Each structure stands twice: as C-alpha cells, then as structure tokens.
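All chains are identified by letter, namely A, B and C, in their written order; residue positions are counted from 1 within each chain.
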Amino acid sequence: MRRRAFFSCADSIASALMSFLLNAWYVAAFAHEVRADVPFSRTLLGRPVVLYRDAEQRAIALDDRCAHRFAPLSQGRIVDGVLECPYHGLRFSANGQCVHNPHGDGRVPAGAKVRAYPSLERYGAIWFWPGDPARADAALLPSFPFVDPAANVTHDGYLHTRAHYQLSADNLLDLSHFQFLHPDTLGSEAIARGDVQSGSLDDIVWVRRSAYDEALQPFVAQGFGIPPGTRVDRWMDVRWTPPGLLSIVVGVTAAGMPREAGLIAPSAHWLTPETERTTHYFFAFGLPKEMGDAARGLVRYAVEGLMKPFECEDLPMLEAQQKNLGDHDFWAMQPALLPIDAGAIRARRVMERLIAAEQGTAPAPVRTIAITPVAGTSQAVA
Amino acid sequence: MRRRAFFSCADSIASALMSFLLNAWYVAAFAHEVRADVPFSRTLLGRPVVLYRDAEQRAIALDDRCAHRFAPLSQGRIVDGVLECPYHGLRFSANGQCVHNPHGDGRVPAGAKVRAYPSLERYGAIWFWPGDPARADAALLPSFPFVDPAANVTHDGYLHTRAHYQLSADNLLDLSHFQFLHPDTLGSEAIARGDVQSGSLDDIVWVRRSAYDEALQPFVAQGFGIPPGTRVDRWMDVRWTPPGLLSIVVGVTAAGMPREAGLIAPSAHWLTPETERTTHYFFAFGLPKEMGDAARGLVRYAVEGLMKPFECEDLPMLEAQQKNLGDHDFWAMQPALLPIDAGAIRARRVMERLIAAEQGTAPAPVRTIAITPVAGTSQAVA
Amino acid sequence: MRRRAFFSCADSIASALMSFLLNAWYVAAFAHEVRADVPFSRTLLGRPVVLYRDAEQRAIALDDRCAHRFAPLSQGRIVDGVLECPYHGLRFSANGQCVHNPHGDGRVPAGAKVRAYPSLERYGAIWFWPGDPARADAALLPSFPFVDPAANVTHDGYLHTRAHYQLSADNLLDLSHFQFLHPDTLGSEAIARGDVQSGSLDDIVWVRRSAYDEALQPFVAQGFGIPPGTRVDRWMDVRWTPPGLLSIVVGVTAAGMPREAGLIAPSAHWLTPETERTTHYFFAFGLPKEMGDAARGLVRYAVEGLMKPFECEDLPMLEAQQKNLGDHDFWAMQPALLPIDAGAIRARRVMERLIAAEQGTAPAPVRTIAITPVAGTSQAVA
C-alpha cells in the first residue's frame, strides 16, 4: 500500500525534477514556522507541501493540493487537527486520507487522498522525507547536537536563494571566499595564506581550514569577545552530509596557542532545494543552556550579524552564478578545479553517486583532476 | 476562397493552441467596449484580435497583426470606417483586405490581407467565431434572453482570470463552493445539506441545486429584498453550453413555499480563453425594463456586490488551482470525483468530445466513475 | 591554439543562438562606457561579456563568467590592469588566461582561462568579434568617418529594444514610416508622395529616399536652421552593412534647388543583438570639428531630440512587432511585400546568406516576389 502511494500520480508529476535525491531527510521548515492553528505552505523539491500540527502537536507534511480539484490545502482551516480544503470543505487527516465530505450523503471516495510525507521534528526543525515512506528512518538523520533545543539556546535564520542548492554547498564547503566576498565582515588576507585539508568518510565530506596570525574583522572578534587587533589562529571545520546538511565549527585561539585554549562557535546550515534553481537556506547557531544569558545574546548576535554578508554578498553571487550556469550541466561548463575545491567536488560526487544509485542509472563520468596539493591538502579528488 | 483563408498562416501559428474548440461562438468583448472611433485589442484563444466598428456601426474582428510587418492594427486609426496600420499606413477593410497603400503608385499586393473573423452583436456582447467562417451561423448562439438589451436593463462585469477556462466552468457548475469559499457573502451551511441534480441534453449540461430553510447572508437577502433572518428555500439553476456559456438563475422563496411564490435573479456567465492558462470572464445581470428604476438598481447591486467575492475569493482559488495543475492534463492528475462534480464532469466530457470531433482525433479515454448517488442526484457520470 | 579557443565550451553553450552571424564586428559599447577603474557588463549575442581597459587603456572583452565557478568577473576589481574575480580572487589578463591564484601554492591550472574576444576602438565605440579570432580583421569594419572623434564633434545615444535586431534594421531601412509613426517630429505627407530607390553592392545595401516640396516638422526644420513653413526637398540616404551597421545621411535643400545647395546631417546606427529577441541600439551624430561650437550644439540637439520619437514611438512598435512575431520565423509569417520594403528585404537576404555560409547550411528558400516598381524604385528583390 505504501509503495503504491510512493509511485502515485504526484510522483510522475515531479518526474521533471528527477535529479533530486528523494530518499533523504530534508528540512521543510523551522519548528516555530509550523503551527496547529494556521497551515503553512512551502515548495520543496518542486512540490507544493502544506505543513501543520495535528491535535497532538505532531508536524504533518502533505501535498498542498487537494485530491479533488487541486486547491491549495494551506489556504484552508485546521479543524479538530485535520486540514479542511478551502474550496469545497473536504477534510484530510495526517496520513493524507480524506476523512470528511460535507456534501450529500458524505461518502468519501477511496481515492480521495493526498500524499503524506514522513516527517519528524528535531534540532528545532521539521524534517520531511520525499522518497519511499518505507525507507524513512529517523536514525538516518545526521547529528546536530549543538542546536538540540533540549540542551541548547539557539537562534535561526532563513534565506531564499535563487540558485541550485549545490552552488550553496560549494559556497559553504569552500570558505576561502571569505577573503574576497566578505572582506569587511568574515575574511582577511590570512585565509589564503592558511591551509586547508579535506577528506571523506563514507558519504560524509569534511574540510578543515586554518588561518594563522590573523587580525579578525571586528564582527568576528566581537562575537568571540576578543579585543580589536589581537592576533589569533582561526580554524573552520566544515562537515557535509547528503543531501546538503552542513555543520560549521569556527574556533579561535590566541596566535600560536593550542586549540584547546580557544573558543568555538558551532552552526548548522541546511540546504533544501525549492526547485532546480532555487534553494531554501536554513541556518542556526546553538550554545549550551548552561552558558545562560550570554549564550542567548551570542547566538542572536551571530545570526543577525551574518544576515548582512549572506544576503548582500553571498546571495547575489549565488544568483549570478546560477544565471551564468543557466540550463547547463555544471560539468559541461568545464569549471577550472583548484585545491580549494576539493571538499565541494567530493560532495558533488557523493550526490551524483547517490542519485544515480536511486535512479538506477550510471553516475556522470568523472573527470580526472590533477590537483597540485597545497600544504596539508588531501590530494585525491575526482 | 473562404476555406483558404481559414487554413491560412495565422492558423498554423495558432497550432500550439489546438486544444481549443474553434467552431463555436465566443464572447470577444462587451458591446460597449467596441467603438467606431478607437480600435480595441484583446487576445482571444491565443490570438491577438482587434475589434472596432465600421461606418455602419457593425462590430469587426480582425487579426491584430498587419499583413505587412505584423504591427498591431489596434494602435492605428479608424479612417472612414477602415483600419489604418500605425506603422506604414496600410488600410484594411471589414473583410481584412488591404484597401489602401499610401506609398508609391499605391498598388496593393493581392496577399495583403489579415484574417477577418465572423462576428455578431447580441445580448450586449460582441461574439466572434474563430473557426471556419463558412460554419459561422448565428442560430448556433445559445439564448440569453434576460440580458437582451431590447427588453432588459442590464449591468455587466469583467474579470481576467489566470486559469484555464474549464476551471472557471467547474467553479460555476458546482456552487457547493459557496459555503466554503464565500461564507460571508453567498454561502451558508444549508448548501451542503441541500440537494443537487444534474443532467444533460445533447451538448447542454444543467445542474439544479436547492438549499432548504436557509438563513441567507445579508448580501443575498438584501438583493432579493428579504428581511434579515428570514428562513428561505433557495435554488440555483445552472445551464452550461459549449464552449463555456452559462446562465445561472438563482431563486428564493419563503421556506416551504412553492417556487412560484418567490423571486428570481438570472445572470449570464461567459468564459472565453485568452490563452491555455488565462480566461476572460464576462458576466451580466438583466431584469425586464418594465420593472423600471428598481431593475437598474438591482442589476448594478448584483454585479458590484459579486465583484468582491469573485475577485478576492474565486480568482485567487482558480489561479492557485492552475498553479497546482501546471502543465499537467486535468485527468492525469487523477482528481477525486464527488457527486457534486457531476455537472462539471459532463461539461468537460462534452468539450473533449467536440474538440476531438473537430480535430478528427479520439477523445481522451473516459475514466469510469462510480459515484454514489446523493438524494436527487443523477447517477451516470463518465 | 586560437582555433581551439574558438571551439571551446563557451561556444557550445551559445549553440542555441546559432542564428547569429559570428564572424563580424559588433558594437559592444560606446568608448566612454568602458573604463580602466570599473568593469562593465553587457550581454552580447546571448553571451555575458565583461568590458574594461587594461593598463595601456586598451579595451578588453572577456566572457563575464569566471573559469572557476562562473562568477561574473564584472563584479570584481581591476587590479594592475587585470581583472580579479569577486568570489575567490582569481585574476585574468587581457587574453583571458588566469594569471593569479591567491590560494595555497598559487599554481594556476592550465585550463583556467576565460574566452577573450578580439576588440578594437573606433568611431567612438568598442567593437568586438564573437567569431573565430583568427578572422578578426580591423579592415573588415565599415567606415563611419563622420563620427571619427579625431576630426569630429559627436554625440551618441543608446536604447535597449525588446525586439530582434532585424526588425530594427527594417525600421531604419524603410523610413516611409516617418509619415505614420512620427507625424509630429520626423514625418510629413510628402514622404509617401516622394520616391525611393534601393540597390546593393556585394553585401552593402542602400536605400535613397526623396521627398519634394515638403513642409518640415519644426524639430527637423530647426535642426537644419530652416525658417518654419519653408518648402524644401529632403533626401534620406541609408547604407546598411552586415550584421546591422547603418549610416543615414539626411539632406535638405530649398524646394527645387540642387542638393549641393543644401545641408546634410550624417548619423551612425549600430544594432547589436543582445539576445534573439532584444537588441542594443547605438546611434551617434557627428559634425566636423571645424564647425566649432555650432557642431557641438547640433549633434546634441539631434540625439536628444530623436530620443523621444525613438523611445516613445519606435520602441513600442518594434516590441509589438516582436510580440506578434513570437517564436515564428519571419518568412513563415508570409509578410506582404511592398516596394518600400526592397532595401530591408535585400538586407535580410544578405544576412541569411552570410549566416548559412558560416554555418555550412543552405539559406532559407527565397520567396519570389513580384514587386510593382514605383517611380525610381529598383525592381529585383528576392
């Protein structure tokens, strides 16, 4: 029965979007966006999805398209924990089944059903699984303990990006751009002078970047409580997991001192494709509750402060890249490959392999790349 | 000669729009929109059409695309009852023939001709026939006597709808949506409790809906001159004829009283596709001239009062449906079918049959539907 | 090496735009638009191109798409005469080669190269050659001596036109439209009464139009310093060269007097396709420096005065034509052909022949046209 739902009409409709990995957890919304009184609509992987909470406060994700005449259920009401269509009043329960027909004798046709997506709430977000419901397993969700609201104070931000989600992943996996795109907030000349390592473990990709003897920009220095002009060593550890779930831990210590003597700021960065060319970018900072009020101020400072470079510098760049990419395949554009790209390329290769496996096709042929290793850079990238 | 014109280049241009029924009368404009001093342009069935009145005040409909360099004739002047192109001054008469070339020796190439559409003026509207001119017969126009300006006072309204015209027809053929989409103006809980019948006679589809012991919303009650809180029986008789010409007669009588003791308000609703995804929606109310000034106030009250629910509730819904439908075929979306849909489905089937016959193709296969009859509902729908 | 660059990936990307003539000089910008301190971006023949001046003030034209991750180089800085990518700081020199990688050991991959276009500065404009660099020859540039800034005072204007560049060429090659489209500024009834000749020499097309005993509109009369109401003979000599480079010389003399007794105003009109449906329209007037301040005032008067009819009358017409043309081939629309079209048709035929030759395909079949000659009109047009 469930498999049948999986291969329903709604899937054939999404066939133009087959380049997405379907059997994966994606962030659909922050937890605070999804309510029990008013439904919420968002396009995810090209599909209109309605999100709401049922009578038990569980987050529900359904196709935002009534089974009867395709009206957006998100414009309807939540009545006794079920969703009422705004057009003719049909009601749908958490599994997508129509449970109420107000007209005539009230019988409900068996096929009056909208697609329901497995969903769960964790790390302050509502996650949904667009693929085969039978394979939706909470254990597959990667860990972001620092934004678990049970133990942490968190603050989150959202940006809508008019670019393919892999361009955003490229951006986050190669922070060398701080120096050029964000010279007044996040970067400095020390970054290009620093070193970078990357590698992978199964489907996880990591990039470790270090800058030495750096004079931080005021925005970063203030966030870490460092007096202006102090020379520091900074490291930025990025972990990527499919389909686009990243953690970034930035650490700072006095120049030449061991990392253990420094401070860290962990953040989560979750990319969910809206369409083939647009992306929902969710990010969040968290610090332990035991840090008290200071934590609350710091996570808010980080999110609010990052909004400006993200929105005014990264977004225009990503959109310009997408415009230049157009309908062309990334590899067909023959991008020059540099050592700084190692992590981003690994992540692209993982995604290509997973999507090809899911679709039963061969992955795109790998272009052999001879990357000259820089100090401390892992070498094999393909 | 006429057949040749029918299969001219302009038709091949419109070939992408072959899903329209061509041999039918469509409303091109209200009569008051078409003038003898200034031409008027409207896209109809995907074609730019210019409308104007010639020296005898007859409404003329031509392709709004000069035969010479495709300039929009609607931006030109009407000179002695013929249309002058704004770019190089060629003039075209009522049958589309170029009759004046101001340049050089003034000769007119034989092929300098734009397509002329058969047209007629009736019921306060200008009708045009986009198909074979030889088949254009005024007798094929269905009757809307209550908006015949000879005997009636009328008022009309127009809305541009960003949705396929069949979605608008669905809306008008199933007024059960009053209760959910227009709860503050047109609907009440009595509607779902009421009954509905539908049937067809040749290509005509009818739906009769009755609500009993209803407390009307103030907008409807005031229109019928009924004191607030009065319990009434209300009936809504809808007649649809191809390609999307509907009359709706709403009647009200004191609860339990015969219809003959009540009042009726007849209205016309004419749907003309602008494109595959947008629709011109013309509607008009008419009451007999012998009712005097009261009639004038009532038809105006009806049109102006309906503008708000039509524009603020129906239009957004139709556009949301269209967005959810996208490029997909209606049937491929596997809509759930309810007894309330019987009339709308009949009308879709008539259109599919007529278009298939006109194009010499087989109609889309009919999905067999087992609709559980509600009280008084006709059963066979396919 | 150069040929290899010519058939690079960037070309395959532009394959959808193969209907452009590639081996030709096009205006990319006016000279004053291209600077040594800030790069400038313009889409030319469907390609994003960045323009700037190097340390020697030479104008450089590169693909505006970094070889690394497709960032727009035009948003970067010019550093020591080379262009720095705004995203990761790669730098590219005048031949498109990456010459600086700020990261790690600084090695530059051999393939890190963007396409460079041959360019030159002449007649107050920057010209670029989108085809095979080996064939770019400055001697192929047609002559516009009256706007050579060495000997002339010039003034220029730019308009963005949402229409195919050939529709603009049609417009300039058939000035009979002055009478109808610009009746208050440029036209008069004398134009249709006048005569027109056209012909071609190799790939050059010329049209000579004369109007006799004309009362000029005040805008034109004032430009020539002619008292209001004076009867004049006016001639308009248009020369077109591929791909869309026109000179127009308008002359005026007292009615019945020889041309030698009159005055002329020469202007250049350069059409560069932005896309298949949009055009950059550059125009300029020039008069000899020896005319002194009067020349400066006159060229400015001409450009500023023409802006209104060009922008408010020609542009809307061209855009309306394009809208009516849609995706259809010009010839498939079976345009009626008049004697006034002779020059424009010749130019279209030249372009079709040149493009077919470049692409190794057969030109579109020529429709045989029997044009009745008007007085003084060349006859053979095909």
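In this text, contacts are C-beta pairs under 8 Å (C-beta built on N, C-alpha and C of every residue); 3 or more make two chains touch, one makes a residue touch a chain.
Owing to the predicted nature of the structure, the values given are computational and were not obtained by experimental measurement.
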More than half overlap in residue numbers between the two sides of the chain A-chain B interface, or less? Answer same or different.
different
Working from the CA atoms, figure out how many degrees chain B turns to land on chain C, in steps of 5.
120
Suppose each chain is reduced to the average of its Cα coordinates; what separation in Å results between chain A and chain B?
47
Name the residues of chain C that each touch 2 or more other chains.
none
Residue ranges of chain C touching chain B (in the complex, touch as defined)
167, 170, 174, 176-177, 179-181, 192, 195-196, 316-317, 320-321, 323-326, 328, 332-341, 372, 374-375, 377
Chain B partner contacts - residues on chain A that touch it in the complex
9, 12-13, 48, 64-65, 67-72, 75, 84-90, 98, 101-105, 107, 109, 111-113
